[in-house]
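Please find the structures below.
Each of the next two complexes has subunit A plus one more chain, namely subunit B in the first and subunit C in the second.
For the complex of A and B:
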């Protein structure tokens, strides 16, 4: 057996990463390590998974605390019910499976047992949006927030990179009550400068200053928006980028301030534009009676095909290029003339 | 209809204790029909079929101090068939966990004592149920939680036979046996009636005991209205689980005009019906007491 086969990402990490992702995975391991640290500090923390411990970063915890790591088998309704029961005994279950199964398959259990029951469970939905694009629509999760936002008392967090995910997990564990953490593929490039930032549940974070238009994003689209904002600056448009790592409770004050100050809002998300951030922002400004132009980028009333996530974000129209084009469109700015004198350089 | 019997019957229940349970059960049933009369409706059939199993559990086996309901090491009971809430409330009044005053508010708008009860609003309720097929998984989680924390708590869970149609019940059953949850005991209220009629005519559940057995459970079965048999089953289930007691019951048990009538799954009674129901309960109780007298005379 060759060394290369032993070192293949699929063998080491599970089957949901491609070779090209391998170099980025160390950042995404941050939350698995944070979970182990949290488990060491607090014996109440237990993990529960439905056969996806290997691909969802729970393995390190299991190695450290075998009797506090529970696998219920491929049974998501029971996954959530068992977590509710564990929480009823005073433990803090950290539950992890793919977002589409955690939320859609087990929806009524999440609503009734975690939401209505207000159980102190931390539900992590991984591979949200098209993060597992190759799996196709059965494995895409573009509806989880539409469902969960309607559940009273459920905190919804959507970190944008591995470090923020680790910090969000610490904040979720410290919070008393049910929390949903929406997580992607784990290959989002993390900025080392942001490694030790504490995560505070609630506030929106300004990632890029701007006065002409505001882009609101969460998860993997935050970095797409930041890049688009930098490009737009050279086209003469000043773009504010707001990261919304807490979808519930929503920081409405910051959204309304952006609406008043920039009068143009673009939401961008790897989720349906129905029920996600696009809806949340539109509801917020409409109820406040502020006249703004709004554009919503995200999954637009169709199922995206199978494909690698970067392609699907382009096909779906919520990648950097799409955001950049929307910034110019909403500000009625013509794109800069194409740089066609490259042959002369 | 097939009836399950307990093999190797042992008369662990004393005569006086048996009579006490019959009296508790009569009072609990009277509280149920009075509450249904007062509130205008309720799940009366389900409350009456489960009554004796819950009386046996709460009066004889569940280790619980009504003055310390938050004791972490207590035994826990999850009412998976949430529509049995009224029936449970009546038994909790008998056990001193709820008051009759609380039960009097049953069914009033915004009362915590309603069709389906919530652990956050009613001390003594362990989980908010109502949607079928949730309770056993929650009970499995509680048993796992007790194990992780090294408590000797036992966890009991009452399911309707209708809940054995829910896939999630079997997800939990599989998980319980895989986890070797010896402290877990489920009770199936096998009254054989769901909303639309007889289970065996609609979508047959039999052989139900074999299903549980094949899922790795210890299966005990008894007449769910026979206190001696119920007591025996609860005693044998202890720390040898996961065990399921299939309690063969009669929906509407104790009120002759409600017995085995699907239309009394949920219903309303007027004052004439109330008098008739109370008289019927009293008559059945007296008949059971006389039967006990006769058995004891025969035995002596």
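For the complex of A and C:
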């Protein structure tokens, strides 16, 4: 995953610091620690991985409880089946691998063993969306929710930062039944004030108040939406930002209230606009018979190329700028004059 | 449309004139004494006329304009870009000074020379020699942050590929550096076809990458290489928010700027 342009410390002078390993710097360590704490409290918790180490944050658990950490190798169908089997004996398996492989490669096992069998497995799909942009389309997960939303009895969670992921994991472990946690790469800036906030499965959370338009987002797009909402204030647009950390069961009441109150909805996701939050919101509003304008931002019927995640979000049209432009467009507001002063100050 | 720079020496000369020279403003703000009130204009240029900047001193303030000056009081003309670069690096190299080697405007010349020599505090090696006060550290941090942002902006304007790599997609992005306890900072604002730098915080949009130093000491240690990199990160002395890949790209550019300006 590392950028190959790392500079050896011994060769640099002057401005010498570099971001050597983002795994050391992000708040996503929080959920690895939360898993260890959970493991201490409950000996039934075991981890299962498909030959992935630090990127899955399971290494800390393995160091603490080596006998409870299982590696099945690069075999995702086996991964889910083994986890389901362990759950059948009363254990609580926490499974983690890349989202696209956890869901697409092991789809039938997720459906039948976890969904139909209601096995108490916590399946973490990491590096979802374009979080592993450098891996290229083979490693992008833009279809996982489209598949999983159709499986009955599966709870789907999508936290937006490291602290929320830790809290979501605790909630998932406490929940009786299969849970899918969709996680990115954890570089979102986590608010220390939210560190100890408990995670409740279900409710949508209002992150930014507003009356003119509602933006619904989950995962890494929540902070993109918040930034866009703050910018939109300068254009006179009041934007409500709703974070959707639970995609199933979906908090339809809050969606409908937002639809009635703001009449304009924008969904944003690092996922296909087909089958994800965009579809879920449109289905909800249409079934309720509410006439609103809806715009869906996300992966649009094309594969995104290999690249840095932030660049891919820009190319795909679901980053801060795209959300901001859509807010103005759907509200029919002209953008304020840009800052055209490019002189050094 | 940015002008493409033809050779490395000219590129470095542009960075010295457009990123380093303007920092005399910060030095001038804090200097006192009779020479601080010198007034006049000094033009620095290359003999072929391809590059010129004018340093104007007036009532204690210093301002640099990137243009020729028809009525300059003193002219410093460098033989070529290499000679200019050597002068700023501190190697033996003197411009041709007219009129009368600057002696016709002695106070102005002395004041300008003092300010230019003051730029040597930017050399990381100089910064590590001997103890310096907190205020001195703070000044150097401000200067170094202003320097690096202006330098990268200039390199971007010159279509230097590593700088242009910051803007591969059609987005405006702001790279911000902030010293948390003083509020000092600088920013680099880039689009695929434009770039600029400024001191303080850019107010029009939130940063794409935001590097926050806990305090002046942390910033000084990081910018002058007097502390281990990862020590700083682990201790929270330096925190970077935003895209880690682009944080790495921009810190690599900072290293390139350092090498460019120290002649390494």
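Quick notes on this one:
Everything below uses one rule, namely that the second predicted complex is superposed on the first by the 312 of 345 C-alpha atoms of A that agree within 3 Å, B and C clash if a C-alpha of one lies under 4 Å from a C-alpha of the other, contacts with A are read in each partner's own complex, and residues count from 1 in each chain.
In this text, a residue touches a chain if its C-beta (ideal position, glycine included) is under 8 Å from a C-beta of that chain, and two chains touch if they have at least 3 such contacts.
As the structure is a prediction and not an experimental result, all values here were calculated from the model.
In the superposition on chain A, contact of A:66 is made with neither subunit B nor subunit C. Looking at the shared chain after the overlay, A:84 reaches subunit B, while subunit C stays out of its contact range.
Of the two partner chains placed by superposition, A:291 touches none, neither subunit B nor subunit C. By the touch criterion stated above, A:75 is placed in contact with subunit B alone, subunit C being left untouched.
More residues of subunit A are in touch with C than with the other of subunit B and subunit C.
In the superposed model, A:193 lies in contact with neither subunit B nor subunit C.
Judged by the touch definition given at the top, the superposed model places A:109 against subunit B, while subunit C stays out of reach.
Using the contact criterion defined above for the overlaid structures, shared-chain residue A:337 touches neither subunit B nor subunit C, since it reaches no partner. In the complex of the two chains, the subunit B residues touching subunit A come out as 72, 76, 78, 118-120, 126-128, 130-131, 133-134, 136-146, 148-149, 151, 167-168, 171-172, 174-175, 178-179. Contacts from subunit A toward subunit C in the complex involve residues 3, 5-7, 9, 12-20, 22, 24-26, 187, 189, 227, 230-231, 308-311, 314-315, 319-321, 339, 341-345. Interface of subunit A with subunit B (complex): residues 46, 67-68, 70, 72-73, 75, 77-78, 80-91, 93, 108-109, 112-113, 116-118.
Contact residues of subunit C toward subunit A in the complex are 18, 22, 124-125, 144, 148, 150, 153, 168-172, 189, 194-199, 204-206, 208, 222-225, 228-230, 232-234, 238-249, 251-252, 254-255, 257-259, 262, 264.
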